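Below: a set of structures, written as structure tokens.
Two complexes follow with subunit A in common, the first pairing it with subunit B and the second with subunit C.
Our next item is the complex of A and B:
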């Protein structure tokens, strides 16, 4: 099927998310859609998948004008979108979920559904236990299920939004294999939305680059990475180098730490982290790295072992005491754990101050907030609410709220969903902090980030922590093996 | 944008109008003339000075309770237990009135402090059950409401029964120096109105201009984020509940020391639940709370006259106000209707 987008425009108030995009997509090809945060990728894909209509412009399939009333309508007409977070019902079994999206009858046809699913999974090499419940599946498995559902639903065009975030290396290979198969053997059109240039290089036939709502570049792959980056940013941003740094005294020490939780128990964690050190936790989501960070922040109580901060036993200190002792924590979900939707930047600044007076001095607060906005390059006004900010600006605000002179900062996926420029900015901030002697612990699902930024690395797999690796003495292969649970 | 702002302020009138229409239909069904009925209600509320004073006397405890609820609603708490907090305020004030003897100038302040403490501690129970016991404040509130009412019944039929014997009606009238000074020949105490106005102003200041108000706002929207930002959510929640309980308790004291002259079986008379409706109807706009509370008082007083004049049951007033709340819940936040959404985006 040949898809044509003609002069697609979508404005949100003064923001031109899509500003006259013209595009032709042919069958049997894999396209990579690239662009900075806020370039208009998501908006364009939501329009194409029927999630929202364009303000103006037309979508044509094989020269026929199409209108979608809903994503289901779009799927019926052949367009399927795989979201970053699969749209499934956690308490259901795989089979039920599959049927929920398809079967309109009163009595469900389980036999046929299992058959269809098995056929599908065999064809693409998916490994799905049809009886297990969604909540027990990994993100990658849920993705495979969703993909099967879209394909059986008749998708001729598949849009995949950052599909490799949070899935294992094997699952990524399976996913890419099936994408190739779908394009080459079945003539389907695939669109990969991604931040990761390597993936686009590996998989795609053609790259489409958006910038500020406009299509600014279109090139066949392979092509040099520099060319793509130049199209995305206008200029090649300098990868901020990791400055060499002499480590200071021991700040944080974990001794035989054990933290039990409902899902997973981590045990025998022994770590020593020094002033100015950047320590990266690698591993698949949910392998235990977050639990270690939360234990260090005072959010989880260990039932065995010790946490020493500057030599003092702080194992039983609650979060607020740790916060006052100089341990900062930046969680993953920005609007869920960190910022309060509906509260302004100003109000956040006031809440996060270490000392308060009874009455709020609006004038002083306004001045402080303006300084912070400038210093942390937040695109927003003091009275902008947190939910009005883009993801990158929310992350900047979280950094603006961190107190000065921290002994340690703990971060979950500090640059998830951010473009190269914002990521670099975040790491410049962190490198600046380390120079002041702050120890930085972070977890990331992005291996490149772990490699590029950490002094030392520990890998988590199923609640176990690997030996500690010096970044200079290890390789991606070694880490890959450790992530997969091979010592 | 101007249209939508105007709309936002006028919106509360829509459920009122809707409720009036449905009530009119009900009146038609019972063969009564709606206009006459509403006129009778108005006459009953503001027909002469004593009626107006009666509306005011009912308004004060309702305003106090609604003002307290502004705090708990801001913190995202459903303080259903406010009814029990009013009762416990009344019980505490009654204890002082029955057991201490002093001139008014001494006794009344003690009664007021005791009532506020009684309400606050009863609310604190609900709050601690939530933060420590993980019991939702709606359930603990309902349970504590029942316990407070049972306790009142026990007191008036047991230890505090009048000398002539327990009747389940109430205690004997308190000593005159224990009662609030009343205006003319009514049940309205100007002192109580002054206290209510002060309470309302304090709450507005607390919610608008203090760090505490900001913390409550953050807790009310996102407990987890507020906690991570450094707000001690447990402490603030308990404080918010106690603040509300104290105002509700004060309301209870006003009921027992001016509306009545003794501790009665139904000392609150559902004022707490009515206050919940007032605040829901006001929908976070603080300055709408006093007029809405006054309107509710007027409807309730008016429906008594309605019964006398038209033989329609006085519960019609209750039906009218409750229909309004239903309409508010139905139409909810006007923004959710999406009428002006497009314009809002542009502005």
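Our next item is the complex of A and C:
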């Protein structure tokens, strides 16, 4: 199917999310849609998949003008969208979730549903427990189910929004394999929305670049990464160099640490981290790296072993005591754990102060907040609430709330979902902190980030930590092996 | 043996529990679609009053029930319209309707208090009524009682085995996902709030036409809140909700019995028994102790047992959904 977008415009107040986009997509090809945060990718894809109508402009399938009344209508006409957070019902069984909205008969036919699902999963090599409930599946598995649902629903065009965030390397391979199959063998049109240039390079035939609501570039793949980055940003941002740095005293020491949790127990963790060191935890999501960070932050209690901070045993200290002792923690879920959605920037600044008085001095607070906003380049006003900010600005706010002179900062996926420029900014801040002697521990699902930023690396697999690797003496292959659980 | 005191007591527990069972099923349908109809207490009073008066004037209990359904559906419609269309707090609307229903029913029904009226006729089911123990308890009753138990089965089947049930549950659990698959979320919510309200209406009328015959001010006061509690304790499942209602009826009977046996103890103390028991049950269901008990039973029973004890409220309960 040939899809044509003609002069698509969508404005939100003064913001021109899509500002006259013209585009032709051919069947049998995989397109990569690139752009900075807020470039208009999501808006365009929502318009194409029937979630919102454009203000002006037309969508044509094989030269026929189309109007979508709803996403279900769009799927009926052949366009399916796979969201980063799959649109399924967590409380449902796999079968119920599959059948919802599909079967028009009143009494459900589970036999048939299981049969269709099995056929589908076998065709694409998905491995799924069909007896399970959706909430017990991994993100990658939920994605596979959504994909199956969209395809059975008759999707000729598939839009995938950041599909590789949070899924395992194997699941990514399976996903990419099935995407290639769909394009090459079945002639479907695929659109990959992504931040990750290597994925676009690996998978796509053509890259489309949006900037400020306009289509600014279109190029065949493969092409040099620099070319893509140039189209996205107008210039190639300097990868912030990692300055050589002499390490200082030991800050944090973990001895035979064991932390049991309901799902997973980590054990025998031995680590020594020095002032000014950047230490990266690699591994699949849920392999235990987050538990170590949470134990160091005082959020989880080890049942064996010790955590030493400047030589002092802090194993049983709770979070607030650790915070006051100079250990900062930046959680992954910005709105879930880090920020309070309905509170303003100003109120966050007040809450994060080490000492509180009963009454709030509004004037002083306003001044402090304004300086922070400027210093940390947050796009927002002192009275903007946290949930009004974009992901990148929420992360900036979290950094603005970190206290000065930390002994150690612990971070979960510090740049997840951020564009290259914001990521660099975050790391500039962190490098600046390390120069002041702060030890930095972070986990990331982005291997490139681990390689580029850390001095030393540890890999987690099923709750076990590998030996500690010097970044300069290791390779992606070695880390890959360790992630897969091979010693 | 059929007329032994225990059998008679159990049969009366079943009878007294029927309005609760019917209202619980209605409210489960409503809440599963994502709306909380907090107006039950007022709705039941209005329905009890309307049902009795209409039945009295028309001399037909069935027309009385129809009128009660209409009143229940109308109150529920106000909740749905106010929360979906006007985007007001469904909790505030429901609460105000509770207060309104209480006073309005007292006012409108003042000329009909404490007069005898039509009654649902006793109807024992042939053959089934002769089953020992179960027969006299469950099958020697009347149509309203049978309706309640059939309703439980139908509600369960509708929710968990049919396509409309999936659509309904998706509206309360993840409306975005339902919407993406062509479910009209707000249509579902209107529909099941109104159906739920109609059932609550039947429940109210079955009180004044079947249990405490006749109308007097505040005749069902408090029952609506009990229903809302049972829905939660029952984990939004009609079958567990039915057991909750029966348990409540049984503890009520126990309280009455104890009160007669120990007249020197304050009445209030016995009235609290059902609540204490409910909280204990809830604590027990979610406790580590129960988890351990489950681990002891044979492997093949563990999964169904865990599934039975699982409580997960509809995730989008009480939220508004905007269709883009």
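In this text, the second predicted complex is superposed on the first by the 481 of 487 C-alpha atoms of A that agree within 3 Å, B and C clash if a C-alpha of one lies under 4 Å from a C-alpha of the other, contacts with A are read in each partner's own complex, and residues count from 1 in each chain.
In this text, contacts are C-beta pairs under 8 Å (C-beta built on N, C-alpha and C of every residue); 3 or more make two chains touch, one makes a residue touch a chain.
These figures come from a predicted structure and were not determined experimentally.
Engineer: In the superposition on subunit A, see if there is space for subunit B and subunit C together, and answer fit or clash.
Structural biologist: clash
Engineer: Could you tell me if A:24 is touching subunit B, subunit C, both of them or neither one (first, second, both, neither)?
Structural biologist: The answer is neither, since A:24 touches no partner chain.
Engineer: Return first, second, both or neither, reflecting whether A:96 touches subunit B, subunit C, both chains, or no partner chain.
Structural biologist: second
Engineer: Considering only the touch criterion stated at the top, classify A:52 as touching first (subunit B), second (subunit C), both, or neither.
Structural biologist: second
Engineer: Going by the contact rule set out at the top, does A:367 touch subunit B (first), subunit C (second), both, or neither?
Structural biologist: In the superposition, A:367 touches no partner, neither subunit B nor subunit C.
Engineer: Of the partners subunit B and subunit C, which touch A:358 in the superposed model: first, second, both, neither?
Structural biologist: After superposing on A, A:358 lies in contact with subunit B but is clear of subunit C.
Engineer: Once the shared chain is lined up, is A:71 touching subunit B (first), subunit C (second), both, or neither of them?
Structural biologist: second
Engineer: For the superposed three-chain model, which listed region of subunit C (95-103, 131-139 or 239-247) is the one that clashes with subunit B?
Structural biologist: 95-103
Engineer: Just to be sure I follow: which residues of subunit A are touched by subunit B in one complex and then by subunit C in the other one?
Structural biologist: none
Engineer: Can you name the residues of subunit A that touch subunit B in the complex?
Structural biologist: Against subunit B, subunit A makes touches at 12-13, 319-320, 323, 329, 331, 335-343, 347-348, 350-352, 354, 356-360, 401.
Engineer: If you look only at subunit C, which of its residues touch subunit A in the complex?
Structural biologist: Those in contact with subunit A are residues 161-164, 166-167, 169-170, 173-174, 176-183, 312, 314-315, 323-324.
Engineer: What residues of subunit B sit close enough to touch subunit A in their complex?
Structural biologist: 209-212, 214-215, 217-218, 221-222, 224-232, 345-347
Engineer: Spell out the part of subunit A that touches subunit C in their complex, as residue ranges.
Structural biologist: Interface residues on subunit A, with respect to subunit C: 51-52, 70-73, 75, 87-92, 96, 99-108.
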